[in-house]
Amino acid sequence: MKSGRWITQTESSTYLNEAMAIWLRDLRSEFRTRYAINAILMFAVTTLVAVSFSIGAFRIGEAEKPFLYAVLLWIILVFSALSGLSRSFVKEEEAGTMDVLRLSARPQAVFLGKLFFNLTLLGALELIIVPSFILFMEYEIEFPGFFAAMTISAGLGLGAGTTIVAAMIAQASARGALFSALSFPLLFPLMITAIKGCERAAAGMDSAGWPEVRIAVAYVIIMIIMSLFLFPLIWEE
Amino acid sequence: MKDGLGFVMAVNLIIWFGIAFYLFILDRKIKKLEGTRAGQDT
Amino acid sequence: MTAKVLLAIWMAIIIAAAFLYTEAASGFPGETSRILFFHVPQAWVATLAFLLSMIASAVYLAKRRVTADDLALSAAELGFLFCVLATVTGSIFAKATWGSFWNWDPRETSIVILLMIYGAYFALRSAVPDPEKKRVFAGVYAILAFITVPFLVFVVPRITASLHPEDTMNPANPGMDPKTLKVFLGSLFAYTALFVWMLRLRMRILRLEEMREEERRRQI
């Protein structure tokens, strides 16, 4: 359906309006069922507990902590994200509402709406896990502003890099493993940047200009633009 | 160590000629298939 | 026909020259530097194949010509093969020179990521049954993977120190003596020609399979 009116489109409607409509609808349904957020948090919490417990008694040198803890934190965040972010499209496929979604808004709006939803999930994930991690592991952070900016920008990157992949695998078979396999190579540079940035922030190394945050932001912008461009190709029937 | 060089070179050459031979055979087989395909196009 | 025979002879000459004609480079233990005649061209072909695959994918998405996707797939398959070869030869070299098979330096890390991208690409293709959709999805993924590469190239070296002999072994840097340079360039040419030959074979096979599918559909 290329021409004609979209269900959510009015005379003054923009991509953003349609996207927000989809986002709010997903938020409402998620608020009721809490299916995706539960899956993600469950994964994150269990991993965090396992890490905290295993490391707990072990004496790690103070010099090693900034880097090692950054690595552990991002392993937890990335793999929790990979366990739950495909839900945004897979649930539509399972409920049989993919076609309804196709009719209800323009492809780019669908992408943006789902992206916002994924970013909301990621925001919740980070809000809960990052402070918990810092607390349980007694992670000392010299530059909290830099650290926060790093986790936020890389969190955005996690969403930006995976949403279009989620849309693809929802239309394929063997979804779970495929989503992780496809997403991980795309996320790898971001993950490395996030680890380095958090290490820098924690250790108090020279971080004029917050270089890693800039790299993450560049990643977010490029991935979103390319996804907006490519999404219609994989979305149309 | 220089003594092993001839051996390593020989192994390399054998592997290479094996690969080249395989590719040649494959090429001939494909050509034959392409020939019969064209013949059957009605 | 003659081209292929000439290529086979040429490669054989290169192999022999790599062992008998050239002298081993001084900075490396024993004869280990000779592997550069094989390892570097393999890595080069793997990168070339990746580039080709991405461009072919973009062309397919724009024009929807099946031959473009055939090229993308063939290049990806061969790229994967040469990537594995480059990784193995690199690992052998690493063991001989620095004592361990794997070190996660930037080059090694990048090649692992490339392998993972190829793996994901093939997994995606086999997970989508509808042929047109399969090609579109694969093409989209190829492009997405490609745009993360600059980040990889830029970011990874900042994280890990490098064991890779960048300055002594960089092909762009003529730090090699004339004999070595000659054989190296000859090998580069041989491997590229080999890649092209195998690529064309693979594409012909894909074309034949498609023609067979068409006939089957016509008979239904």
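Chains here go by letter, A, B and C, matching the order in which they are written, and residues are numbered from 1 within each.
One rule holds in what follows: a residue touches a chain if its C-beta (ideal position, glycine included) is under 8 Å from a C-beta of that chain, and two chains touch if they have at least 3 such contacts.
Predicted, not measured: the structure shown is a model, and the values here were computed from it.
Centroid distances from chain A, each centroid being the mean of CA atoms, peak for B.
Closest chain to the protein centre (all Cα atoms averaged), using per-chain Cα means: C. Chain geometry summary: the mean Cα position of chain B and that of chain C are 19 Å apart.
One finds 32 Å separating the Cα centroids of chain A and chain C. Inter-chain centre distance (chain A to chain B, centres taken as mean C-alpha positions): 48 Å.
Per the touch definition, chain A reaches chain C in the complex via residues 161, 164-165, 168-169, 171-174, 178, 181-182, 184-186, 188-190, 192-193, 195-196, 215, 218-219, 222-223, 226-227, 230, 233-234.
Interface of chain C with chain B (complex): residues 4, 7-8, 11-12, 15-16, 18-20, 30-31, 197-198, 201, 204-205, 208, 211.
Residues of chain B touching chain C in their complex: 1-2, 5-6, 8-9, 12-13, 16-17, 20, 23-24, 26-27, 30, 33-34, 37. Only residues 61, 113, 116-117, 119-120, 123-124, 127-129, 133, 136-137, 139-141, 143-145, 147-148, 151-152, 154-156, 158-159 of chain C touch chain A when the two sit together in their complex.
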